[in-house]
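First the structure, in the form of structure tokens, and then the observations on it.
Order of writing sets the chain letters: A, B, C, D and E. Residues in each chain are counted from 1.
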Amino acid sequence: MLSAILTKTFYTFISLMVILNYALLLIGSMARIRAKVQGRVGQPVWQPYIDIIKNYGKRTAVTHGVMFYLGPVFRLAGGLGTYLFMPVVYGFVMFENFSFSGDLLLVMYFIFFGQLGMALGAGESGHPYSPLGVSRGLAQMTAFELPFALAVISIVAQYGTLSITEIVAAQQGGWQNWVAFTNPFAMIAGMLAFLGMSMQNPFSVVIAPQEIPIGPPTEMHSAFLGMLQTNRAIFNGAKMVLFMNLFWGGATHKYLLVAILIMVVKTFLIYLYVNIVGASFPRFKTEQSIRFFLGVPTIIGIIAVILQSI
Amino acid sequence: MSLKDLVAPFMVWGRALQKPYTQKNPIITRPGADRYRGFHVNDIHKCVGCGTCEEICQNEAIDLVPVDGIETKHGDSGLRPKIDYGRCCWCALCVDICPTSSLGMSNEYIWIDSNPEVFRFIPGAENKTWDNSKKGYRRGEGYDLLEGQRVPMPMLSFEESQKTFIEMVQGFSREQALREADRCVSCGLCIATCPAHMDVPGYINAIRNDDMEEGLRIVYEANPLPASCGRVCSHACEDVCVMKHKGDALSIRWLKRYIVDRIYKGDYEKILSTGEAKNGKKVAIIGSGPGGLAAAYYLSLLGYEVTVYDSNEKAGGMIRYGIPEYRLPYEQVDKDIDYIKSLGVKIVQNTKIGEDLDFMELYNNNNAVFFSTGLKDPYGLDIPGEEFPGVTSGLSLLDDVTIGKTPDLGKSVVVVGGGNVAMDAARTSRRLNCEVTILYRRRIEDMPADVEEIHESQEEGCIIETQAIPLRIVKGDKTRLKLYWGRAEMVTDPKGGRPRPVLIEGSEEVIECDTVIPAIGQQADYSFLPEEIVNNIKFNRGMVEVNEYKQTGDLKIFAGGDIVNFKKDAISAIANGHSAAKGIDLYLNQL
Amino acid sequence: MEKDMERRLYADTGAPEGSPVVNPDPRTLGDSSNIQLFNEQLKLLNSGLTEEDRLNFCDTPPEVIKPFRGHWENFLNWARSESLWILGFGTGCGAIELRPLMTSRFDMYQYGIQPRPTPRQSSIFVIGGYASVKTMKRIVRSYEQMQGPKFVLGLGSCTINGGMYYDSYNTVNRLDHYIPVDVYIAGCMPRPEALLAGLMELKTIIKEGRGEGANKYAENFEWYKANQKRIIKDWNMPDYNW
Amino acid sequence: MNIELYKNLENSFGVTSLEVKNRNQSYIRVKKEMAVPLITHLKLVESYKHLSFFTIIDQIEKGEFELLYMLHSYSRNHDLGIIVSIERHETDMESIHHLWPAAETYQRELREMFGVEFPDSPGLYENFCLEGWEGIPPMRREFDTKRYSEDTFYKRPGRETNDPAKYMKEKIYPSEAETW
Amino acid sequence: MVEKGCANLFTRSQKHINDNPKLPPIVNGRAKYNLESGKYLKIWQGPQHPGITGNMSLELTVCGDEIVDCKTHVGYLHRGFEKLMERRKYMQCFPIVCRIAVPEPDFNEYLFAATVEELAGIEAPERALWIRTLNLEMARLASFFMWLGGQSGSFGMNTQGQWTVTMRDYILDRFEELSGGRIYHMYMIPGGVRADLPSGFENRLLDTLKTCEKCLDDVELTMFNNSIFKKRSKGLGIIHPDIVDEFGITGPNARAAGFKRDLRKDEPYLKYDQLDFEIITGIDSDAYTRARVRLQEMYQSIDLIRQILAKMPKTGSFFTKLPNVLHWNIPEGQIYKKAECTRGEYGYYLRSDGSDKPRRIYVRGPSYTHAVSLMERLCIGGNISDTAGLMVSLHTYPPEVER
């Protein structure tokens, strides 16, 4: 029993390390790609590491109360939760995390949970822009949750299960089995919602530097910020893995390394897609963003659900 | 919303396929442009420390500080600009206005330090990496904030001038004077060089402000003979004027003259201070030349009772008798002297000390004696034939003309010498309708006479033979005399002195002429001094030795003018007179 | 023994050679008697605030935080120097040259430098030239909100000795009297390259452990406060902004 | 400005001293009491609709402030400067914010910089450029900005300069006997 | 559609000020909000804020996302130029005037030189006038590029901003070559210009223009045809034509409201009367139209520079001798000179009392009205997300407000 727990812990740790490092490098390299669009060279790929080290290494930190402390912790918990309850690479014990005991609803809950924790922490900070950012964030989240939920419902209806592992399993056997192709409307609704979820343009209303200088984390600094950055990496990784699992057939192969490589390629492409849109468009206003999600994506989502129910 | 609006934004990704705009290693690959206004460079050997850069700097970023290895000398203050980069705004007005064009800017622009105190430096004197930079901002062609050209002085044409004794230089009009005064940068380098240390920027500023009275006051502070000096001063100041580096020096002398010309003689009393109350002490002055008159003026301002003894019919000494009228009209000399007289200075004319009056009588009856008797005895040529009639001297010619005699010069004249007296003699002869040849031992650039004097005499038709050494004079056939002279070559002095003329053996030429006028210098005559005084006073090569207050070995006796200084010009004599007046005041107050 | 060691180490980093003003000594700078007098009147108890507001702010002066020793601190210093976050506050005309530096022509991101919109997260404060009194007030507040170790870069001549506004009634002449400055860059305007070179110099300083501006500020806190209050006549903000 | 208009204004508002700079620009003077009626008339009737700027010139020698309203008429293509002199010690002037809302800003600035009051102008006493300013308003002529700066902001010590003429006297002619 | 839109917003903001009983009373011309009520939040946008142009700040009172009151605070960059110039000689004022508008210093230089020349009775040579015209157009282009970056950035679109600031930098390279300075050119001195064009300058400038034009095409395609950009900027900050004169609005802001006003045409200065161009106007008077007008003016500016290079005399003197600038007294008098800068009417008023220092120099920056009174009104009723975009679309430079 004990050894099983230890093994699980060890595997989880490895899985976390892999996703953390991968996500950090992904963020770094994506920054370079975006820099290319802007006509410049861009930061080194390992820049996110240095930033995190620096932030943890700051000498001073100011707290605005208990919730302020807990905000980043909740956020990190949200990120970890999202990540830990789904399989990263299908078919390998080392990377299946706790997917046996979690399902889609839990993951969706964790996506919310982090945001809420952050909202509480930011609210405590006392900076007027933080609550503004929080209210924008929550409003937008509610909006993009709708198409996302519809897409999820559609998939659930399609496969009759809430377990991510099973959903991934059902997509095996070639690209034609991926949800993206078997249930394209759900994919479109989900990928549009993903744009909102990843807080890139045009849905970057939460941090919008020109409007509410970076919103909720305005007052976050030093180790708090370091924690947020760590979470940002893990959470980003988790979201991409989730979408890969849901729509793009997950990642699997008989060799672990190849499977990981497939995961890397797929998530990279998903992230690239977000950035291709992000670099091309300006930012929506909050109400425009809400209006957007409640429009086309929701309709597509409803269509997806209807198609699956009949 | 058209489809284009949805698709077009993605075209930004086209940029990702192109070369980035980013400059690689910009610090190295992108030096400042050729004209970039970076850090200052200064050629400190060209710079004269005039401070014009400090004057124009609106940030007060420039200080003038002494620099090791740069000496203070005439025309160079020995100071160099030190720039505070905590103030500078890199506008380069200092570069634009620098009269010597020594200041410039390199195209270097990176200076970083964590100590704020280090951002001050003397360009050119501290080894900086950009010192030898050829690139960077320099004042370009066709753009100049200062005017390098003088306002031309209206003058009689040379055709006219060689026929008449009317004053040749006509003086500035108001507009011309304002324009000329406007060129001054008020650096004050000239003050040190002027023997009398006149406040030149001060009175030029007064001209600019059109305040002649103030100008006159400033002038009289250091020079009581401005009408004369404004015409015939040797203007050492103009040699060191910073504007000379841009082209022409400022016409300082003419501007001084302009001030005096603009004020009527009768108004002097209202404008100038008449000095302190009389203190009852008496001072005798021998010689009414510029030295004597200056001493008389300042002593009388200090309240002394001054009597000037002079051997001539009229006061003025050399400035009246040694300078021809076309350069210095007599009424201008009178203007100066009359004002000095009006202060209560007594001038006793036609009294030669030693003959008409005994020196000891003066010595005993006065609290102090000042003498500036000048150089009166001309040197002879020291060649055979000197004693022939028709051989006269420059000074006696000028003397004669002044007192109204018409000397008998014949048709052609040879003047020997290259000083101002020689030029005056030559040009006076020219005005008496003679053909004039000037013989000079050295080259034309060695001539001690003023450049414009030489130029003008040439223009008026005097022929100048240089490197010519007179050999002998014999009676002529058609003319009265024949002057034989030989060519000289310049031999460089191994010790580094100026080159010496050495006769080329066998070269001999002859000029037929009626008169030969040697004007090769004069010496002093101390015969009026009694034995016991001569013993007290020290002499050195014909000159009286004095201390800084012009006091001789006999404490009661002061001396000045050509007999004590080497410059031998009017302004030095005036300065001597002024110093002596101070000295006498000090001496008498100590008693 | 260890304590001695520590003190010496700190002293070493605290007073680097050749940079006397990075660590200004209250006794040598300014008019010392005046400052003394001022200190007595100086009530560092958030006296500029209302009774009510005072509860919201901290009321203890900043403390000197000793650096770690040895390789760990070196490593952190390396990370600090390679991840410089500039506070996005264009205090003067110097901000105009930050724009090209941030954008593609000079691309400071490639050197690990990026702008940051909030003082809490920033580590360098680029003072873009002259600081008017009104801006100085904001500079002080922003600076104090930044988390140590923090660095200040004085851009342009105006920060050194007043620059071309030396006689203006509304701009300070010497920045180092109000906040500790690590690097000065001469120029008006310094080109982006000069600014970049300044940032590189700052990196070296941080790596060598000389970037102790925040501790200097804490050490001479009262002196800085006195100077600040001397020019900011309507002091209606907290004395302790952290 | 055409003479007709000037004559007109002269009769109705007592406008004096017309100064024509060029085809597009002239200046007139008017008494303090008539200033705002004149400006109102110009704006509403004579098409001088654009207030280019409004500022003050301190004539300290005469003891007065000259207020300069620069109006522009697009239809006439003409700038008209209206100069109003007010006493330096009686510094209030009728506000024109009801004619141009933008004038409120000018008046705020002028109150701060010159201490001239414009009763009823909104937000007149709010800070504009300065904060916590004490003493005489800075744009007045008697305010010496350099002295204020030296007194208030520390100057970096350690600078000294030399006057070339004085320095040369010390170096070459240090003697008392010299005549300068 | 336009008229309706305008009227709508105008009445709306008027309503907010006057009629709405729910809104608080107005005291001393300002609305008083009870911040204790919990309904309103006071937030400061600036001076330390990425969405503000330069160093200024907006004090916003918001109710939710809607702005109910706005107050502009300036003075963070106040250096007292007008006072400083009163104690500097005329030539010493020359280096400091360009600091008044940092991104576009040349108009200051030109206007200062022009006022001084006019009062002193000096005429700059023909070629100098052409070079000045060239300089002003280059400055206009550079300044607009900077603005374009700001406009795209203010809506969160960072890509185009990066390009345009680089384009501006390329123009600054040309400026550096020409004048020796990147930002502060200090080139147009009273009496002419300080140096001739360097050799080969024309060709390099034409190359730069080509690059700029290409970049502008890209921006036109990706920004002005961007659905979200359109969505955000259309209908934002509508300036009703009626309030243009009330608020002293000039430049592209007025032209976007349909006014055909351009000082380059109305009162041609320098060599504009010899150049061939049309006044560009818009109809809708919202942020998008203003951006369009400015974009077209950039194309126009490129065209004008090409015209200038073609028409300019190739040789000739470029500087008239001045009196000695160390003591240059200028005859008594007054003059107001203005020029059409990127933001509108830029003016210098110079009063001389016959001494060597100006008696009074007043600088009229167009941002003075745009950034303060106009901004305060336009903000009301808007969304806080839009303040940055609105502010940039008015194209304000704080340093010319406070000087």
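By definition in this document, contacts are C-beta pairs under 8 Å (C-beta built on N, C-alpha and C of every residue); 3 or more make two chains touch, one makes a residue touch a chain.
These numbers come from a predicted model, not from an experiment.
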Chain labels contacting chain C and also chain E: A, B, D
Between B-E and A-C, the pair with more C-beta contacts: B-E
Chain separated most widely from chain B, comparing mean CA positions: A
Central chain (by mean CA position): E
Chain centre separation (chain A, chain E; CA means) in Å: 43
Averaged-CA centre spacing for the pair chain B and chain A, given as whole angstrom: 89
Distance between the centres, which are taken as Cα means, of chain E and chain D, whole angstrom: 23
Centre-of-Cα separation between chain C and chain B, whole angstrom: 58
Touching two or more other chains - residues of chain C: 88, 103-105, 107, 110, 117, 134, 160-162, 164, 166-171, 174, 188, 191
For chain B, residues contacting two or more additional chains: 9-10, 12, 15, 20-22, 32, 58, 84, 86, 89-90, 116-117
Set of chain A residues in contact with two or more other chains: 35, 37-41, 209, 213, 279-281
Touching pairs - complete list by chain label: A-B, A-C, A-E, B-C, B-D, B-E, C-D, C-E, D-E
Sites on chain B touched by chain E in the complex: 1, 4-6, 8-12, 14-15, 21, 32-37, 52, 55-58, 89-93, 96-97, 105, 137, 140-147, 182-186, 205, 208
In the complex, chain B residues that touch chain D: 49-51, 54, 62-66, 72-74, 77-79, 84, 86, 116-117, 120, 187-189, 191-192, 196-197, 199, 201, 222, 548-550, 575, 578-579, 582-583
Chain E residues within the chain D interface of the complex: 28-30, 73-75, 78, 80, 82-84, 86-87, 245-248, 250, 261, 266-267, 334-336, 338, 345, 347, 349, 351, 359-360, 362, 364, 368-369, 372-374, 377, 402
Complex interface listing, chain D residues touching chain C: 129-134, 138, 143, 145-146, 148-149, 152-156
Of all residues in chain E, those that touch chain C in their complex: 47-50, 54-55, 75-80, 83-84, 87, 95-96, 99, 102-103, 146, 149, 161-163, 165-166, 168-169, 172, 182-184, 399
